[in-house]
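Beneath this line is the structure, given in structure tokens, with notes to follow.
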Amino acid sequence: MTYLSKVREQNPLIHNITNIVVANFSANGLLALGASPFMADSHEEVEDVAQMAAAVVLNIGTLNEYAIQSMLLAGKSANRHGVPVVLDPVGAGATAFRTEVTARLTREIKLAALRGNAAEVANVVGRAWSSKGVDAGEGEGDVVSIAEEAATKLGSIAIITGKDDVIADGNSTYIVSNGHPILTKVTGTGCLLSAVVGAFLAVAGEAKAEAVAEGISFYGVAAELAYELTEGKGPGSFQTEFLNQLAVLTPERFLERSRIARHR
Amino acid sequence: MTYLSKVREQNPLIHNITNIVVANFSANGLLALGASPFMADSHEEVEDVAQMAAAVVLNIGTLNEYAIQSMLLAGKSANRHGVPVVLDPVGAGATAFRTEVTARLTREIKLAALRGNAAEVANVVGRAWSSKGVDAGEGEGDVVSIAEEAATKLGSIAIITGKDDVIADGNSTYIVSNGHPILTKVTGTGCLLSAVVGAFLAVAGEAKAEAVAEGISFYGVAAELAYELTEGKGPGSFQTEFLNQLAVLTPERFLERSRIARHR
Amino acid sequence: MTYLSKVREQNPLIHNITNIVVANFSANGLLALGASPFMADSHEEVEDVAQMAAAVVLNIGTLNEYAIQSMLLAGKSANRHGVPVVLDPVGAGATAFRTEVTARLTREIKLAALRGNAAEVANVVGRAWSSKGVDAGEGEGDVVSIAEEAATKLGSIAIITGKDDVIADGNSTYIVSNGHPILTKVTGTGCLLSAVVGAFLAVAGEAKAEAVAEGISFYGVAAELAYELTEGKGPGSFQTEFLNQLAVLTPERFLERSRIARHR
């Protein structure tokens, strides 16, 4: 049975602390996938919500002091109750503030997974990588070694998404070769992917890196199909069809196109 | 003349205090319907905006202390100036914080209408009902009696939406049997419905419960048609077509499919 | 070479301080156009982000004291570093608060461009104009003279968008006759246009008003084509196709339909 089927069967409750840009898209993407989003960031309730959730997803997209406290409260509550926490360090490295906040969150919260582009994950492990705003720029490093170093440093799964995606947990490393460049033309596709990682972790059992690799491959196949169905139309039509595919793509059709390689 | 036609003719100004997840969808839905949304939550202006509005819609989706004060200021200003107030108690019962905030808002503001799912409205009247995050779970109670109890307790219209929708004002009770389950796969469809209730209240004159029942039936018929036009495609296409239908569905076509029953 | 081509080639980084209603749509519109949006409003980083940006766009859509400080910090940083600043005074004149904030921002920040509807720009120069909420109502004044007065007063480009669009910089004045009324049925189309003005200013070189006029005409042509491709369907389909057109409309096709007249 695929983890995808488990997500659709169990409808895991995913607690998101996210930002004004992508909150709607993240919630709709999780609903399409079959998960149950709960967006909540007030200090009075984030500990309760994190405790009842099947995964907590923290996203530093548009950050402020209040939200940082929300994330610390939710993350620590999740840690106390055995709920996996995913961090999306949007723009880490792009400003000193985001670098510092990311360092603080990774120090004070035990992560189950970190997901970012190459520039963001490189920043977490102190490697040089140029970035352009919140987008990864050109870098010279080896993304596999950066992901593996981040996994070892954080004791969590580290995921770098880009042309190929790398999933490392310190022992195993997977390379996923699905997806489509048009994803970079729709805001929040990285953020939603982090939330999807949360949903797959929520149903993963012991084989966490394997479940995450499947989730990332599924997301990529949905993007490929959405692009094929809207080819030449543009990012508006792609976005609509991508939400469709998250909902209607069957495990069978997904497995036909899934490209996950065990790197080590 | 339908209330729908009145909304489209009068373009009532609807003041929304809502959340980062659904603000865009609520504004676009109101525009499609023919109303004029004004999203404003700063303490410096909410009283002014509420006073000039034809209805005020309060939504506790992603709540914090600042927004609670905004809602109290706006709600009390609306009360002073005879502007109807709709409350959407998103997640009441799911966390202690939301339960308390809902209790406070219903105590300090005189509502024209409360709209929620069964779990949320049951929470307002202290009835037991399980919930899953912000979604209604399974409950054993009778939704009609819960709606009627809420209407009597609050002295307002109480609306429970679900498979069937119940509209009670303490004297009359209507059951609306339109809509489609795919609405639960798009975030903010409940929140937008609360805003639509505000728009219909704004043009209702004396027959408030009747106008609200029509608005809820209209929303359901728009969903049915949108589903039929996008059947099998998925929630992305449904959401796009649903916004279309809110704009293009004529009173005549709506009335052909409207299913409103007078319960008592 | 068109400025459109320059935007697509240079992918200028546009720093947006905007609101919960339109943040997603603004980011997606900028991405579709070929620019690179950076949404950031925390006091700790807005000065850094403004400094590295090619343009800063300030939007007072849902305003609060924190965001005002963010805008002042970002705007002054942009001024220090020669980065053009665009202001969208959403709802100026609709509430006393928005009028005051707009006056403060235009006093403390040197603008490169101001973009609003007739009511908003009239408010900036102290002219009477009725408004309905955040939408321009009916006014009697001459929009050309209002735009020219605003340009002279602020020492910036002033843009009034409506049936026709006026772009004035104090010396030259352009009238753009592209666009479609359905734009008023999608929330945030004015806000996104302000962000697009930022993108065209970012690549303008010396001919700033000319570049802005081209950007506004481009936006209007994209709307015309999107309307034609979705005629009769409704605002949901229009919005999707409009994002498509921002991405796929070629300079050649745009120039065929562009209607820019030099007024003086």
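Which chain is which? They are A, B and C, in the order written, and residues in each are numbered from 1.
What we mean here is this: a residue touches a chain if its C-beta (ideal position, glycine included) is under 8 Å from a C-beta of that chain, and two chains touch if they have at least 3 such contacts.
The model shown is predicted, which means the values in this text are computed figures rather than measured ones.
Colleague: How would you label the chain A and chain B contact, same or different, if same means the shared numbers make up over half of all numbers there?
Modeller: Since fewer than half of the residue numbers are used by both chains, the interface counts as different.
Colleague: Report, in degrees rounded to the nearest 5, the angle of the rotation taking chain B onto chain C when the C-alpha atoms are fitted.
Modeller: 120
Colleague: Could you work out how far the Cα centre of chain A sits from that of chain B, in whole Å?
Modeller: Centre separation, chain A to chain B: 33 Å.
Colleague: Send over the residues of chain A in touch with two or more other chains.
Modeller: Where chain A meets two or more other chains at a single residue, that happens at 19-20, 24, 239-240.
Colleague: What residues on chain C touch chain A, complex-wise?
Modeller: Per the stated touch rule, the residues are 11, 13, 19-20, 23-24, 27-28, 31-32, 36-45, 48-49, 52, 66, 239-248.
Colleague: Can you list the chain A residues touching chain C in their complex?
Modeller: Listed in rising order, the residues of chain A that touch chain C are 19-22, 24-25, 61-65, 91, 94-98, 132-135, 184-188, 232-237, 239-240.
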